[in-house]
Each structure stands twice: as C-alpha cells, then as structure tokens.
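In the part that follows, the structures are each spelled out as structure tokens.
Below are two complexes that have subunit A in common, paired first with subunit B and then with subunit C.
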Partner chain A sequence: MTAATLTTMSPRRLALHRLLRHGSFWFGGGAILLILLVALVGPLFTLDPVAQNLGARLVPPVWDVRGSWAHPLGTDQLGRDLLARLVDGARISMFIGIATVLVSGLIGTAMGMAAGYFGGRVDLVINFLITIRLTLPVVLVALVVVAVVGSSLSVLVVVIGLLLWDRFAVVTRSATQRLAHSDFVIAARAIGSSTPRILLVEILPNIVGPLIVVATVEVAHAVLLEAALSFLGLGVKPPLASWGLMVAESKNQLLFRPWLIAIPGVALVTLVLAINLLGDALRDVVAPEGRA
Partner chain B sequence: MSAQAALSIVGATRDYAVAFHGERRTLRALRGIDLEVRQGEVVAIVGESGCGKTTLSRLMLGIEAPSSGSVTVAGKPIASYHRIVRAGLIQPVFQDPYSSLNPRQTLGSIIAAPLVVRGEGNARSRQAAVAEMMQAVGLPPHLLNAYPSQISGGQRQRVAIARALIAQPRILICDEPTSALDVSVQSQIINLIGTLQKKLGLTVLLISHNLAVVYHMAERVAVMYLGTLVETGRTEELFARPRHPYTRSLLDAVLPPTPGRRPDWSEAIAEPPNPVDPPPGCPFNPRCPRASDLCRTQMPEPTGTAGGMVRCHHPFEAAA
Partner chain C sequence: MLRFLARRLLVTLLVIACTSVLAFSLVHLSGDPAAAMAGEGASPADVESIRRLYGFDQPIHTQYFAWIGKILTGDFGRSFYLRQSVITVLAEHAPVTAKLGLSALVFALLLSIPLGILAGLHRDTALDRFALGLAVAGQALPSFLFALLLIYIFGVQLRWLPISGSATWLHFVLPSVTLGYYAAPALMRLTRSGMIDVMQSDHVRTARAYGLPAWRVVLLHALRSAIIPVVSLAAVQLGFMLGGSIVVETVFSLKGLGLLAWQSIQRSDIEVIQAILLLIALIYALLTLLADLLNALIDPRIRIS
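Take a look at the complex of A and B:
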C-alpha cells in the first residue's frame, strides 16, 4: 500500500494558515508585541519615571522648538520624564489586562463549563449568578470596593477579575452545552472517562477558540477599566505611572499643554485598538460563525 | 433468566419530562422492554425513527438509567459496575462517525483513550496496542497522527470501531453503524464488524433500519414499535413469515415486491403516533389494517412463537 498523503491540513495548521493571511492579525499582533516589548525592556533605557526635577517642569516634547532630546516627550508638572512614565504605564496596563483576564477567565470558564455540562440545578444557580453579575454596574462596584478596601495593584486585579467573568461564563456555557450531548462525549463516558477528564480533555480543547476571542475583548475591557479607575483616583496610586493616572494628573493643562493628555491617550487608544484587531482576526479564524 | 445471558433487559421503561403544547408531560420512550441476548450472539433491533432504539442503546451502555425495570450485563445490573469495569464489558459504535470522534484529537490518541483511562500499560505498550488495533480494523499506520477531519467517513467509522474494541468489551452496541456512510463503504464496515465479531466472539447488538444489513448479519431480530418490542424471532423465520402486521409493513416497505404483485393488504400509512400522546390499546392500532375494537382498548400481551414472540391480538398465521 502506498503511503497516501493527507489532502487536508490538521485543524491547528489550518487555523494558523488562515491567521497568517489576516491583515488585522499582523497589525494588532505587531502593535501588541511592540508595546509588550517596550513594557518589558523599555525601563532599562529610560530615565527614572518617578524622579522629580522641579527645575525642568512642563518641558514640551522634542518636536516643539523649546523641546530637547533630554526629555523626548517632555516632562509633566513635577518635572518627571514623560517617556519614562509612558513606558512604565505600559507595564501597568499590560499587567492589569493580562492578570485580570487570567482571574476572570478561570472563574468564568469553570462556571460556564459546570453549568453547560451538568445542567439542571447547577445551571440554574450559575445562570442566576450571571444575571446578578450583569445587573451590577462594573465601574460603580469597582469604585466602591476600591474606596473601602484601599487601592493596590493586587486589589485592582482581584476586583476587576471578579467583575469581568460574565462573558467567559456565557460563552463557555453555551459551547459546553452544545458538546455535552455530542457522540464523542458519550463515547468518552462509555470508555469510562472521569468527569474531569471529559471536561478537560474532551470539551475544553473544543471551546478554546471562542475563549481566546473573549479573552482579547476582556483584556481591552480591563485595560480601559484600570485607566478609568486610575483617572478617578481610585486605581493605581501616585507616584506609580498609569496611563489613566497620567491623563488625570494633567487634566488642568488640557488647553495649554495638550500633549500631556494626548500622549498617554494615544498610547491607550493604540493598545486597545490593537487588542481588538487581534481579537477580530482570531475570531475570524477560530469562530467564523460569530462574525457580525 | 438463564445464566449464560450476556445481556438481559427486564421490563425496562424510560420516561422523559417534556413540554407538550405548553404543559409538562411525560414521554415514555420505552414502555417495558424484555430482551435477552446470549454471549456471542448477533441481535438486531429494527424499527422506525423515534421508536426508542437509541434510548434503548443508552440504557444498555449504562449512560442512562431505566425509569423502571433492569438492565443486567454479565449477571449484575449495569449501574452497579464502576465506569472502568463497565467500559470493559460494553462499548458503542455510533451512527455518525463525524460526531463520534473528537475533532481536536489525533486518531492515535482517540484509539488509545480507553487504555489511558484504564491506566493500562505505559506509553510504549499502548502505542503497540494501537498499532495492532489499527491494523485489525484496516487503518494504514501513517494515519496515527492524523485528525478526524483529514480522513474519510469509512475510515472514521473504522477508528470508532478500533476505539470500542481496544477496550476488549464482550458486547458491542452498533447504533446504525452504516447509515451515515456512502453505499460503497457500508458493506466494508458491515463485513469488518462481522469478521471481528466472529474472531473475538463478540456479542453484537445491531440497531438499524437497514433490513438488508440486518438480514445479512443478525441471528435474531427484535422489532420495536413506539417503545415496545412487537415481535422477536430468528432472522430467516421473521423475514420469511412475519407475524406482526408492523413487521410485515416494514418488510413490504423495503423489499421490492415482485413486479405487478400488490401487497395482499393495504400498507400502513399515516404518521407514527406521538409518543407523548400514545393511542390507547395496541400502539400500532391507528395504522393497522387488522385493528379491531379489542386492539383499540387493550394492549396485547406477548405470546411465544417458535424462537421468539409476537405482541398482537391478530397476528398473521405461522406457516404450517
């Protein structure tokens, strides 16, 4: 018998193949990679982001006639180097975005899989929890909790993580429900598989696609939420640099030195846009039926 | 019940709660099934869609419990076995090989799964067992790391059979194993199941509505209608001289009649009754040309025939 070649690619190779031909993937992924790289190694090359120099306050960026290469993006009202703070802020945004989605993804996926697989009362209770979560105004609850507990990076991660699991749960629940009665899951039960094995080995790999899409959306969501909380003074505490905090600290300068707000604002928009573009590309590849 | 029965089902019923015209009702998918299968026997269960064949197969697999009655495998109730022991007794082959294989797993890991779950052997011995099993079901070895989407329907069904047999079960439940396949592939799969059945001494329950397949493979046939067995018997006997009007209409509907010859009684037409709202008396009475007032009020009891039973008030005569 001749070794017949397989006419089609494996699902994983096929998905990768489609992804590599997607424009949004290259733009979004590239921008995220760049920001991630800046966040990781940037601090080695920039000035101290918290060092104040009251002699060099509000220096404009280098493209202004009064600017200089000593401070490429200028300084803020306390004379801190804006580029250094921007790079430092990228670390905070990236950390919050990824860490919160790990928390919320774990909670939401576990709840969604339990609801979808066991059905019945488990489903009822989890649906109730999802509904309750959806009725809570996220920003308000986060504000109250942070105001009561106090603010730190870990508190922010936990609070935002505990608030953003709903979409994971909803998507996981319906995807699991669809698979729970499929023949291959029944076959897995017939060969004696334990319930954890069925959930982790049979079902989870089949719902990873939509979960990655949700995760990208939620990273963007968390980044914006952190910026909003920091802007309101209940997120990252000064002198740490966060893009939301940088906007807040400079809001008095809006009319006279707009770059102080524009620079962190553009950074925030670029990051969120890049994440959403990447999410779009992933959705087109792994869950094309969900295309709006 | 005799001791050598591989599988015995006694008075099994299965109810589902359903919404029917907005109210809660009970759907009785199985209405008292009695069936005994000897070790090494091939028994076919035939009947139209929705008659409860698939529910019965799930009961036999122990995936669902009967609402009343019992399903006994090798002398003990199926529910009393640990899931891993049960896996070594009874295995399914499903109708649709496109949904019975996990699209994210390679064929090698699908076939090895029963051994992994059982914790049998090490990676190397499992690999050897998988290679041997792939050869036994006629899968080329280079497909080991392929995914289900990369192979044909017939090959997928071979994978499903390999996965079932590597668990070394005594009983194989084949739920319409060929109906999703191309006609040209159906006979290959049927012959494969037949060969392996003889070689391994398997007990096979063949659930099918393909009467040609049933005639080819089964020693005994059980005809199912709306959750009850209406007739059982040896295959040649039942095909040659069906006693129950439903069996007869099934055979008439499929076997091409001699040109010019009309059935000597009008065919059962009409839709099958809704199992949520079954007719009183014999469930077949609205479609039966022989139905009498007795049939419309009283459910017939099974009466023994040579090698089987028939559940009918007015069965066709057994030939002298």
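Take a look at the complex of A and C:
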C-alpha cells in the first residue's frame, strides 16, 4: 500500500488497516477468542469440575510417567480433574472480567461525560469523587466488603465494578472536554438538540475509541483482582474453580507438585497477557499520536 | 503557591473526612457486627451484651461520631481479639510494612530509572523494546504468582533467601522485589519519556556542544530535569504499594499491616480493620499531596489553574 492510498483512506478504514497489521492484535485477540471458546464449549467435553475422587488424588499430568489420559492435567488434592477445573476457571475469569467492566464502565463513563461536558461544580464534585476512590486501597476494601456481605459471584462483580471505575472516568472526562467545544457539538446545541441527545448521539460515538482501550485494560485489572481475592480466600467460593483459588489451594504443594500451581498460573498469565496485548494494539490504533 | 497549598490542604482534609465515613460504613455494611464478633454458637444474650458493650445498638451516625471523636483524641479503640489497644497493635505491625514499602520502592527505582534512561537514549532499538516488553509481561503476572515463583526459585531450588518471616533484612528481599516490581513499569515509562524530551532540549544540546563526556551530559544535565516527575510519581506509587502489600505480606508471612488487616478481617476485629483502612488512606492522601506539591513546584502552570 502506498502513502497516497493511505492518506485517501477514511480514518475508520485507516484504523482498521493499522489494526489488522498489528502483531499484538492477532496474538492477543486470538488467545482471548480461544479462551472464550474453551470457557463456552469446554464444559461439554470435560469431567465434572467439582466431583471428588479420593482414590485418585494428586495424579500427575499426562507428561509424567505416572500420569494417564484419564486426567490429562492430573488431579488436585481432592481428586478433582484439573483440566475440568481449569476450564471452569476460564468461565469464571471471563465472566468476572466482562461483567465488572460493564458495571465500572457504565459508572465511570457517565461520571466522566458529566464532568467533561458540564464542567464547573459538576466537574469539581466528580473530580473529588475520583480522588476519594483513589485514596481507598482496592484489595483491602474489596476484602472487607466480601467478608461483611458474604461472597458470591454477583457480590464480586458489584464490588470490583464499584472499585474500578476511576480510569473510565478520567479518560472519558478529558475526551469529552475536548469535544464539548467542538463545532459539531455547538451546531447540535444551536439546532436545539437536548442535552441527553448531545451526550449520547454526538459525543459518545466519538469517544468510543479511548473507551474500548480503557475497557480492555480494566478487564485485565478485574481478572487479576478476582484472582487475588480468591487467592486470599475471600473471592470465588469453593467448590467453584477460580484460577486464583486453585493456586491458593495448592500453595503448600509448591515443593513437591509445582505443576498444581503452574497450570492455573500459566492460564491466568496467558489470559491477562493476551488482554494487555490486545489493549496495546488498540491503543496504537486509536491514539496513534501517543505511539512512542 | 501559598493559595495552591491552602487549597490542596483543604481538599486533602475533605478527602480524609470522607474516607473515614467510608471506612466506618464499609465495616457496618451488614448492619450489626455483633453477631459476627460473637462467633458461631453464641447465645442471643451474648450477642446482645456485645451489641451493648460496643454501642452497636446506637444509631449509626452516633456510632460514627463517637468513633471519629475518639480518634481525634488519639484513641483508636481496642482490638477485641488481641485484647490490646489498637494503637499498640498498629505500632507493632507498622514498622514491618514501612520497611517493606520503602525497600520495595528502592528496588523499583533501581530497576526502572536505569532501564528508563537506557530505553529513552536508545529509542526504538531492541533494548527499548525489551524494556517495554518487560513492562507489559510483568503487568500480566499476578503478584501472588510472582511471589510463589520467587519462593520456588530462590527459596526452594537455590536456597539463597529466606521465604517467610521478618527476622533479618534478608527476609525482606523477596517481598520487596515482588512488591516493587509492579511499581517499576510506570516509573520506567515516565523516565523514558522524560529522557526523550530532555535530550532534545537546549541546555542538553549546549552541554553536548561543550564537549562534556556523554555520561556527564546524561547523569548531571539531562537526568536532573527528567527525574522530578518520576520522584513525585514514586510518592504516589509508595501509597499504592502500602495498600497492595496485603497479598505480599500474606504470602511471605510478614507481620505487617497487610497481614494484620487480613487476619482482622477473618476475625471480624472491626476496630482494627477501621483503623487500618483509615491509616492507609491517610498515608496515601498525604503522599499524593506531596506529589502534587512537588509537581507544582517545578511546573507553575499547575499552581495557577
């Protein structure tokens, strides 16, 4: 493709063109799709992730001489099939990641748009709320709430969602500020468009790019936070399989059966790395001026 | 500058006041902590007497003002589990967390500043990409997993370092590396972009034109102006690390505020939980204030807006 055709392309096609040539996009996006697929259809093919078999405890994975294809990744200390638990954990990580970002994205975007569009007192109050949110230590607050309210997937989603909206608000605020005085917004106001219409129809579509970038970062953030909470024993409740919980349950096997930690650990790192790579690729495309 | 300082102080005070309300109400989310404190199998009379003793039968705002009023006189209450005043318990655990936080910060700076300088000087080379790649990969590794990895390599396989407790400074090496590692990428990126900017500035060009050796130009002339934002970010990162030390302290059994918080949550020891929440928020707010002042000192535009 020559420079001439690049300059005649529409911004949207140019962005797509850049995205499709981005290595991180293919690697990150591919890995995420694969994990999503495993999370959705994997449970159809694996054993019951919570069925215990005390006769087959701590079976090593198939690449070990004592391993067998009955349990390709081996079993844990309660004789539960590790592959089935890994697949179940993918489901939970994906669910938490996506559901919390819907909550935090909604809160953060609404606050950021209000602050950026109205300015003045509204901006002052919302900035103050962001400062307060940053002052609260995330892991500690989440632990306290889960301990007090009780642990369930919906509690986790709400708690993590209520804690991770700050970056959405900051990014939306500055993006909205830039647009609030642009010609097309002034024109919309001049023809009598209502404020909600200006916000939703004029401004929102134009800040989708940075929003998607923040969303990917925050999905990774939420997945890591859920894993940390589950690791500390106040996240996903047993017998559900969360990757963080699987690591915690096998902590004292570190010396003799390190694979029990390595398997969920590698899964967790792969997912978060894939999300981060996708986020990096999207950032390069959405905000090319920030490329270093 | 004085007006800026006064305004920022006022905001910090407001933030701390609001956080204290939040810290208090979080613990009282379920309405009545008496049942949790009495534990399973307690008789209704026991629960009632605990409720009376701690004042949980009072309206919630009365309880809050009683609590904050006592704190303002320096009384943080008593830990019902440890049967000690909260101040004594905090004073016992705080030094470990302070030591951990500071040594983690030192590690983060030692890792990020040289890498950031090199990446900035050799922009778009393999070295630059390596540094950025390290940052991306590092962010994907959860801290508890990184901690277990370090324990496995340096504690179990190589047997170089102790993996649990806080007896000697050697006990702090692995926890500090774990904690500091997560503060490093942001510091490195900021050092890198600062170096890229400053190397194109007039005073660095002049220093070069004088024929000063390259290391003098970089370390004495360029770094001096690139480092101040990094220092102020480091202050904020230290605040984050104090809040995030809970995972690291739990894995390495360091008896600091994080481990204390985790144990107190398990024991429903609410006066301790409240005090730790408030303390960490307070330190974070003060460190952010410090960072803001530092930034305002070097960049007058911040003071005016």
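By our rule, the second predicted complex is superposed on the first by the 282 of 292 C-alpha atoms of A that agree within 3 Å, B and C clash if a C-alpha of one lies under 4 Å from a C-alpha of the other, contacts with A are read in each partner's own complex, and residues count from 1 in each chain.
Just so it is clear, a contact is a pair of C-beta atoms (placed from the backbone, for glycine too) under 8 Å apart; a residue touches a chain by one contact, two chains touch by 3 or more.
On a predicted model such as this, the values are computed, not experimentally measured, just so you know.
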**OP:** Look at A:148 in the shared chain and tell me whether it touches subunit B only, subunit C only, both, or neither; answer first, second, both or neither.
**Re:** second
Original post:
After superposition on the shared chain, which partner residues are touched by A:251: those of subunit B (first), subunit C (second), both, or neither?
Top reply: second
**OP:** Classify the contacts of A:189 with the two partner chains as first (subunit B alone), second (subunit C alone), both, or neither.
**Re:** first
**OP:** Look at A:137 in the shared chain and tell me whether it touches subunit B only, subunit C only, both, or neither; answer first, second, both or neither.
**Re:** second
**OP:** Determine, under the contact definition given at the top, whether A:232 touches first (subunit B), second (subunit C), both, or neither.
**Re:** second
**OP:** Have a look at where A:268 lands relative to subunit B and subunit C in the superposition and call it first, second, both or neither.
**Re:** second
Original post:
Quick one: subunit B or subunit C, who's touching more of subunit A?
Top reply: C
Original post:
Between subunit B (first) and subunit C (second), which does A:224 come into contact with in this model arrangement: first, second, both, or neither?
Top reply: second
**OP:** Figure out whether A:280 sits in contact with subunit B (first) or subunit C (second), or with both, or with neither.
**Re:** second
Original post:
For subunit C, which residues count as touching subunit A in their complex?
Top reply: 11, 14-16, 18-19, 22, 26-27, 29-30, 33, 36, 123, 136-137, 139-145, 148-149, 151-152, 156, 192-193, 196, 242-244, 246-247, 250, 258, 261-262, 265-266, 268, 273, 276-277, 280-281, 284-285, 288
Original post:
Mind pulling up the subunit A residues that touch subunit B in the complex?
Top reply: 1, 3-4, 6-11, 182-184, 186-194, 197, 202, 205-206
Original post:
Mind pulling up the subunit B residues that touch subunit A in the complex?
Top reply: 58, 61, 63, 82-88, 90-92, 94-96, 99-105, 113-114, 117-118, 140, 142, 146-147, 149-151, 160, 163, 167
Original post:
What residues on subunit A touch subunit C, complex-wise?
Top reply: 128, 131-132, 134-141, 143-145, 147-149, 220, 224, 227-228, 231-232, 234, 244, 247-248, 251, 254-255, 258, 261, 265, 268-269, 272-273, 276-277, 280, 292
